[in-house]
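Chain naming follows the written order as A, B, C and D, and within any one chain the residues start at number 1.
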Amino acid sequence: MSDNLLELDHVTMQFGGVTALDDVTFAIRRGEILGLIGPNGAGKTTCFNVMTGVYAATSGGVHFDGAPLAGLKRFQITKRGIARTFQNIRLFPDMTAIENVMVGADANHRTSVGGALLGLPRHHREEAEGRNTAMELLTFMGIADRAGDAARNLPYGYQRRLEIARALATKPQLLCLDEPAAGFTPAEKVELMDLIRKIRAQGYTVLLIEHDMSLVMGVTDRIVVLDFGKVIATGTPSEVQDNPAVVAAYLGVPDDDA
Amino acid sequence: MSLSESLRSVTSGTRSVSRLGEALAKQSRSVRWSFGAICILALYLLPWWPNVPVLGWIVETPGTSFPSVLTDQVVIFVLVALGLNVVVGLAGLLDLGYVGFYAVGAYTVAILSSQHANLPWLLCMPIAVLVSMLAGVILGTPTLRLRGDYLAIVTLGFGEIIRITANNLHWLGDSRGISNIATPPSIGPLKFGVLDAKPYYFLGFTTILIVIFLLRRLENSRVGRSWNAIREDEDAAELMGVDTFKFKLWAFAIGAAIGGLAGSLYAGKVQFINPNNFPLQLSILFLAAVVLGGAGNMWGAVVGGALVAWMPERFRGFADKRVFVFGVALVLVMVFRPQGLIPRKIRKERWLESWKPSTGTALGSKE
Amino acid sequence: MRDWLIYRTFWDLTVTGVALGSIYALVALGYTLVYGVLRLINFAHSEIFMIGTFASLITATNVLGLPMLEAGDYPYRTGFQLVLILLACLLGSMVLSGAGAVALERAAYRPLRGSGDQFGAVVLAFVTAFVVGLVFFDTPKSNLIFGIIGTGPIAWMYLNIFRRGRQAPRLAFLISAIGASTAITEAVAIWGPRDREQYQTPRVLEKKTLFQLFGTDIRIDYVIVIIGALLMMTALLLFVNRTRLGRGVRAVAQDVETAKILGVNVDFVILITFLLGGVMAGGAAMMFTLVYDQSKFNIGFLLGVKSFTAAVLGGIGNLKGALLGGIVLGLAENYGSALFGGEWKDVIAFVLLLVVLMFRPTGLLGESLAKARV
Amino acid sequence: MKKSTLLRAGAIAVSLAFVTAACGSDSEGSVSEDTVVTEDTAAAAVDGVTCDGVSIAFFGALSGDAGNLGKNIRAGADLAVSEFNTANPGCQVGLVDFDSQGDPAQAPALAQKAIDDASILGIVGPAFSGESKAANPLFDAAGLAIITPSATNADLNDNNWKVFHRALAGDDKQGPAIATYIQKTLAAAKVGVIDDASEYGKGLADIVKTTLGAAVVASDSIDPKAADFSAAVSKMKEAAPDAIFYGGYYAEAGKLAKQLRDAGVTATLVFGDGVKDNGFIEAAGPAADGSIITCTCADGASNAEFAAAYTAKFPGETPQTYGAEAYDAAKAFLAAIAAGKTDRAGVLEFLGTYDAAGVTKQIKWDETGEVAGNAVYAYKVEAGAIAVIGLIE
């Protein structure tokens, strides 16, 4: 078994005439926290979307756990072990926090209409299991006190955490976080960094898209930098920090504009 | 009393109903069960309500037979609203052609028990449910990939296609319709004849109870959660591992099956159907019933269905004007109570209070 | 026999199909505009069309004093007088339909968006009082008076309720639309002078054959309808693409939130959208009466369903799609009826829609009003 | 002045009513005898009949799309009842309305209500064929006699409903008569047939088509709810028939006639009884001129006595389609009441032996409830009015 959990192999993604991803190749190693950074519009979220099956790549392929993801539907990819959160929070607003997480937990369940109608033992077993998973995740994320509230009524920080809990409930191997710290105060960011480390400590691999450099530098093992849909640098935080191309991309050095 | 005041009193009425519900929820299991049993018993006796003073004056339908209104309209609308609520209220799929499934159910019974065979109703009914379900799957498979509002017009078209086909095909009795449809078999004192509507009401009400029981099971399971998630955010649901297409198709099929069930009950009661029984406007009325009651709330659907069926018969005296009043009432209710008379409620997880962490942690269970 | 017939009548069917399709297209524009901006199926748009046909009727008879029938013959007019009458009818239809659409928006939809205003409150209050009056009074006049008296206090109360409103779920808009549609239709049916019977609009244009094309008579009324529809369509496209208000419409269609941030008055833009849709429906209504010279309280329903089908067929939210969808639908119905028999007309229309959506899930030209310029 | 006219008309009508009553018991009575008996019994009967709490019912559309048609029918029954009540102070018969809106879905509950009302001894209606099929099984089970003044669907009498009667011939009589008229009187070699795909319209059109056989050169159906019939019009234009028969109702007939004429079709237009309404002329305008309309209904207006009584009761109105049939139907029930039948079985039995001259025709039913005689009348639209031409042989 390869060391890499997920590999992007020469992925190109075009929308009409616009190339959002241009021959992107990188890998995520098992158990690491990989940061994916880049200026606005660099293609980070597109990259996410290709990985989770929202878009089908124009060319190139994505391999997860040694198998190609091409042709799989989104929910199948989730069941394979990739879970994600969203840049703009996308919870199920009129469902309670616990229900939100249970929807995630259901990814591993098999009860369908027949089982539910007849009240088969598996239905009861899975329901109990789902509740336990959900409550434990909410406790782990520190939001169990509002478990019975509608997601729309939760404070912003809770909603962000709830999204992570919901993603974790699918029992993923790879957790993809899309700007989880957006809108957080510095104190909250520190808490989040702890949380991400704790998640990794449980054996998850984490892919992190983030704008906030301090957060990325502080928590990741490795960083991939995208600019104009291309990978311009890969390495440890300190390597990337010193890379002139990265600095140019972020600071917009004139000769890079050409 | 102005209408807005009465609107308010309706509002406070539903509020006090929900308050009653909350109060009941606090009671012990036995209290709740006996309350439910009394309610069910009282509803079984509904055909006799017009004989009760005051209450009778409220519910009676002057100018038409109350028990027949119950069987021909109220029971059917309540069942249909329950079924449509699965599609529209739970899964969030806008279906404007629900009358099609109702027609398929009624026509299946008609064809099998009168037009082309002489099967007993009891055998036709499950076949009708299955055929309607199949119709749901056949319509759903190509169309459920479409986005919300495209689905609306396509389903509307489906309802019309069913009606026009029935109207034009001799095999389906064309515009003359089908007479002499079999009635349910009489059991002991329950004689399913022509003149006494009460046995049909008991049958219909029992069917409603069974459907509610089964739907509750679905709502409180992975299936119901998946439907809710799809309604709230389809993309997010799929990315959380919900097989959205499969569950949408299930919602469609179950909704269709209940619609077909209602159709088979109707056909068995009136023993004559023709395409004019299934106009496009009926689909819209069904939808209005669900949303008026409160989309996504089973009790809302029940109340909405019953009201939409019963009101026009109660206010027969207004003749033509009642349709106008109904239209105005729809606008007013939607403006002042957009979630319907009994809005969808956030689920109360009763088990939450008694929940204790189990030994194996969810996170630790990973490898 | 049928094959022979369709071959010989092909061009005949084409002309009538395109003419009917043009009317579909104009009505479809209203659906498409509102859908593009509000993501709402404006179910009551068919009644705006119906109001338009009555506006034509009222303009011709009550305002211009034309008789419905003149000694058993049509009151034909010619020359300058004819043009004036037609223009007056067109104006009447457009004004009344436009006003109707705007009133509908403010009374039945805007309160649901949580921004109900005095106008909506007054209309709703009047209707409420009127309905309550039905319990006590039999004559429309006393009912009307009761309605007007009751309006004040109820409107005040409604306004207070509006103030704490928030955005309603989308289904509520649809049901409100259905309710408004029912109420408008029934009001015409109940209080119209001819109850539920058909009305005849005076026929001032003699339906002469202008020229022949592929052996088919091309009648003047069809030519007017087709050219008129194209002109109105072009005017609308120019308005949406070239004017500041049009840009506002497109901006709101693309993203309401962003448009708000950019300082677009969203409620006003929505009002304009309804007005445009209403004016187009009014034009369609006048042309409808030109060809069929009749009207009825429920005339809008089926035509509305068909026009909405046309809008979806072309790609809802897409203005050019509405035109294409309307004409394709009009032609398909005509050809299909000739092939399979008129009793299958609606089946043909809906099967066509289903097949098109199967292969092009967002309609023939794709959706998005925002990209209407493409 | 008006009042005296009313009274006189009422007296005439009442005397007629009692003729029928007298005839009921005397089933052998011939027409000529009836007229003779009239004068004698009229005076005697005035103080003769007493009854309490009996009524008959009208069943049909009084509101909704078909409301006008129903109101016209009800008016006929209303006239008969009020004449009876004026003449019999001791026997006030009620007329109860069941407004079905022509909707078969509402019909069973209304029928049930009528059945539950023990005072109702007979039903004038149901007015349409669809609601008849939904409601008649209930009436049959309850033994409540019905006389429909307007439902002409051919297979209504195939159902073994013992309570079923109708006051006019069915479409199985009308259809062939239309065909005969088209071929014999109009001498049309090529005929086009259009229907509205409704039970009534298509049923009638099919009978016409079958009877005409090879003479039918083109046929089509239209959607009555649509405004545009160009496909059917184009077809007719191409086939250039000498006559076009349309099976359907007057509103669409008007639109169709207009569109056919606009397209330059010159064939004679022939319609069934559903078009016999002034609404047709209003909708079609000049295009209606020369159209032929057939009906198994008699022209109520051409019976001077009836027309006078009608106008006296409903000032400014003349009898409309089926009004006279409804009058005859109600009269049959009133005759039963006058003969002392105060239960449903008695009324039903009475109808079986009923044989009396009505306004429209001699009213006498066979076992299936069909009225004797096959009278089909032809009408023509001339100068903006529907005028009777005469019986179709």
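Keep this in mind: a contact is a pair of C-beta atoms (placed from the backbone, for glycine too) under 8 Å apart; a residue touches a chain by one contact, two chains touch by 3 or more.
Computed from a prediction, not measured in an experiment: that's the story for all the values here.
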Exercise. In this assembly, which chains make contact with chain B and also with chain C?
Worked result: D
Problem set entry | Interchain centroid distance [CA atoms averaged], chain A/chain B, Å | 41
For this session: Please work out the Cα centroid separation of chain A and chain D, and write it as a whole number of Å.
Result: 76
For this session: Identify all positions of chain C at which a residue touches two or more other chains, and write them in rising order.
Result: 343, 346
For this session: Mind pulling the residue numbers of chain B that touch at least two other chains?
Result: 167-168, 320
Problem set entry | In chain D, residues with contacts to at least two other chains | 64, 67, 197, 221
Seminar exercise, completed: Which chains touch? The pairs are A-B, B-C, B-D, C-D
Seminar exercise, completed: chain A partner, complex, touching residues on chain B are 214, 217-218, 220-226, 228-229, 232-233, 235-244, 246, 250, 254, 344, 346-349, 351-352, 355, 357-358, 361-367
Problem set entry | chain D residues touching chain C - in the complex, by the definition given at the top | 64-65, 67-68, 197, 218, 220-223, 225-235, 237-239, 251, 254-255, 258-259, 262-264, 279, 282-283, 285-286, 289, 383-384
Problem set entry | Residue ranges of chain D touching chain B (in the complex, touch as defined) | 62-64, 67, 98-99, 103-106, 108-113, 115-116, 130, 133-134, 137-138, 140-142, 153, 155, 159, 197-199, 202-203, 221
Exercise. What residues on chain A touch chain B, complex-wise?
Worked result: 52, 54, 73-75, 78-79, 83-84, 86, 90-96, 98-99, 102-104, 106-109, 111-113, 115-117, 119, 123, 126-127, 130-137, 139-140, 147-150, 166-171, 202-204
For this session: Quick one: which bits of chain B touch chain C in the complex? Just the residue numbers, please.
Result: 2-4, 88, 94, 142-143, 145-147, 149-150, 152-154, 156-158, 160-161, 164-165, 167-168, 280, 284, 287-288, 291-292, 295, 318, 320-321, 323-332, 334-336, 338-339
